[in-house]
Amino acid sequence: MCWAVPAKIVEIDGDVGKVELSGTSRQVGLQLIADPHVGDYVLIHAGFAIQKVDEEEAHKTLDLLAEMFEAAGPNHEVRR
Amino acid sequence: MKFVDEFRNIEAARELAAGIGRAVDSLPDARRLRFMEVCGGHTMAIHRFGIPHLLPDVVELLSGPGCPVCVTPTTYLDRALELGRRDGAVLATFGDLYRVPGSQSSLEDAVADGLDVRVVYSATDAVQIALEAPEREVIFLAIGFETTAPGTAATIRQARAEGAGNFRVLSGHKTMPPALKALVDSPSVALDGLILPGHVSTIIGTEPYEFLARDYGIACCVTGFEPTDVLLGILSLVRQLVEGKPRVDNQYRRAARDAGNPLARDAVAEVFEPADSQWRGLGMIPASGLAVRAEWQEHSVDPPDPDVPSQEHEVCRCTEVLRGLVRPVECPLFGKACTPDSPVGACMVSSEGACAASYKYGEARRGHD
Amino acid sequence: MTEERIKLGHGSGGILTRRLIEETLLRFFPSERLATLPDSAWLDLPGGRLAFTTDSYVVDPIFFPGGDIGKLAVFGTVNDLAVVGALPRFISCALILEEGLPMADLETILASMKEAADAAGVEVVTGDTKVVPRGKADAVFINTAGVGVVPEGSSLPGGRALPGDVVIASGPLGDHGAAVLSKREGLSLGSSVESDCAPLTAAAQAVLRNAARVPFMRDLTRGGLATVLNEATAGDAPAILLRETAIPVREEVRSICELLGLDALYLACEGRLAAIVDPENAPAVVDALRATPGAEGTCVIGEVSAHYRGEVVLETQLGTHRLLQMLSGEQLPRIC
């Protein structure tokens, strides 16, 4: 349940932000996010940003996947 | 697409599957492992990517009551239609609910009878309709779990601030932790692990799930929705079983902080309060729903009585499917009287229900070269 | 004197109707044939076979990125003729106009139709105009019927698909469906995606001329790729195995789908065909298509499978297999 997608904030006007995901944009409510900034990635659900996407945590997960890979063998590559 | 594509990596998925295989092999006893997911998004991801066939045969993935549409009782639909028949009423609904049958008909059928039903993407769209047509009564059908409730709360606040007195909410919001408790307390499959809902957790954090590991010994992991996310979650569950230490792990930290989203929770607490709620397939679960508080009543319409059960077909086995006791194909109605085009039970009504996913994607098959 | 809006009187058959036809409609379709306003058109056709089709167009909104209902009405019918191997020649155009439709909108639509007809090499030879009261039609409904010619000796699609036959799509999927959705009221999406509405005659001929066998060829309209390919596998027919990683979808279409919870494999196209061809000539077919304007994005997306029967199976990005069913009900934006 809860279909939510990560999108980038490109404009902010009070409680409303414009977010963009690979060429598609929409106005969403930002009142559920503390301290939103242009350039932040947020999860969008039903017209609201419900949480910021933590880029550092995303990289940690990708690093973890890469580690698993390297442990498995030299010919694998994790696409970033 | 950023934060999506990187997690759909096929080689990483294969590696994770191999890792799960190795971890399963290192378990002291060879037995079936039963992991349940309780989120329609996970049901979809698992079926859409054929994940069961990347896993060792001993790992069984079950679908639980994770789809808010599936657990919305027929009484809610009936109430919505009753309200929609009032003079000047407009029903605003998420697309998910549009074809769900109540005890008599669906919203889609009602349009043919002259009801004004509009599909919206967001609750705020419904307020827009209300502001543009002040003479109409706009009723927003607010279904969804903790992921969606904050948006409804923010919208009710917005409606008051903008003077949209004709905007009202029929709350069908439900909360997950009480349902999870009811699930593990009820006669159901003994679960080894739970794949916890990723987006509900962005709001509520991980603490509300602690009782599952602590009191019931069930391995838990919050995960996201890309294939690598789901597999990371399953790997975590198996590793917890290997270590013999069930806990609530979080493999979706990029979106779900352990502390959740306090601002969103505050919005919900301001506008809603816990209330008894009827779950299709699970019955009445105390304090598992959200009702609009008295001080916000001008933007609410009375929901149906939570003690009145959903009307179900006597042969339908959704109740057991929702608890993982029965697989969709084992229900006599599956694929015959009950299909996505003409759904009989809760699990078929939404595209994410266990039966709908099973029908739409088929039983997963191993690929072949 | 041209009016600003369509009135009920324009459909009455009297002076207003005559005026509408002569001053507005004929202006966009000048021809000797239509000038005398005969009740029917005589058509001179070479010997051989005729292909005949009809379709009605009720798209909402009537103006969308990349086109309008008029363009759709012409190319849609042209394409139904093209994919059965016919050369489209003549089109009829029946309009049902809603009272109150701005004349400027009608003129824009007629201009689109003329432009599309010229691009497709077809002539509008007969038509009809009716007006219904306000609220009884969504601005305008159009029906076009089309006649095409199949010259003697032409190759035609048909015959049984065999395991190993190659499945081809002539370009990225879902552009039209995504473009229409992005403009649908209430969704308020900003997007640069445009409808792929275009004629398929050259593409269909490229397939037929380069393949030895074409068991199946269709234009991918309502219900998208998934629905159309399920038609190819209906009954006891062999199955199709598609490779998810080979199916082209533009990034902007993917992101609309992600945002709304939709599946691009079920979105309509209006300028794409899918074909099943013999494997020996598949490379030549692909090359010929890629050299055809509008089909530059042609891809091999799968094959006819010996392992399954009567279904469309998708090999996912992870290498697993799962069913790809027909569309059941219109796709709606979802939150779950």
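Here are some notes:
Letters are used for the chains, namely A, B and C, taken in the order the chains are written, and counting of residues starts over at 1 for each.
One rule holds for everything that comes next: a residue touches a chain if its C-beta (ideal position, glycine included) is under 8 Å from a C-beta of that chain, and two chains touch if they have at least 3 such contacts.
Predicted model only: the values in this text are computed from it and were never measured.
Contacts with chain A and chain C are shared by B. The most centrally placed chain, judged by C-alpha centroids, is B.
Counted by C-beta pairs in contact, the busier of A-B and B-C is A-B. Taking each chain's centre as the mean of its C-alpha atoms, chain B lies 37 Å from chain C.
Each chain gets one centre point, the mean of its Cα atoms, and the points for chain A and chain B are 21 Å apart.
Shown for chain A are the residues that touch two or more other chains, namely 1-3, 5, 21-22, 45-46. For chain C, the set of residues touching two or more other chains reads 188, 251, 254-255, 258, 334-336. Each of residues 1, 4, 40-41, 67-68, 94, 121, 125, 144, 148, 352 in chain B touches at least two other chains.
Residues of chain C that touch chain B in their complex: 186-188, 251, 254-255, 258, 260, 307, 311, 313, 315-323, 325, 328-329, 332-336. For chain C in complex with chain A, the touching residues are 182, 188-193, 251-252, 254-256, 258-259, 261, 334-336. On chain A, the positions that touch chain C within their shared complex are 1-3, 5, 7, 18, 20-27, 44-46. In the complex of the two chains, the chain B residues touching chain A come out as 1-7, 9, 11-12, 15-16, 18-19, 39-41, 66-68, 94, 121-125, 144-145, 147-148, 150-151, 154-155, 197-200, 202-203, 228, 232, 251, 253-257, 261, 263-264, 267, 352.
Looking at the complex, you find that chain A touches chain B at residues 1-6, 8, 21-22, 28-29, 31-34, 41, 43, 45-48, 50-51, 53-55, 57-58, 60-62, 64-65, 68-69, 72, 76-80.
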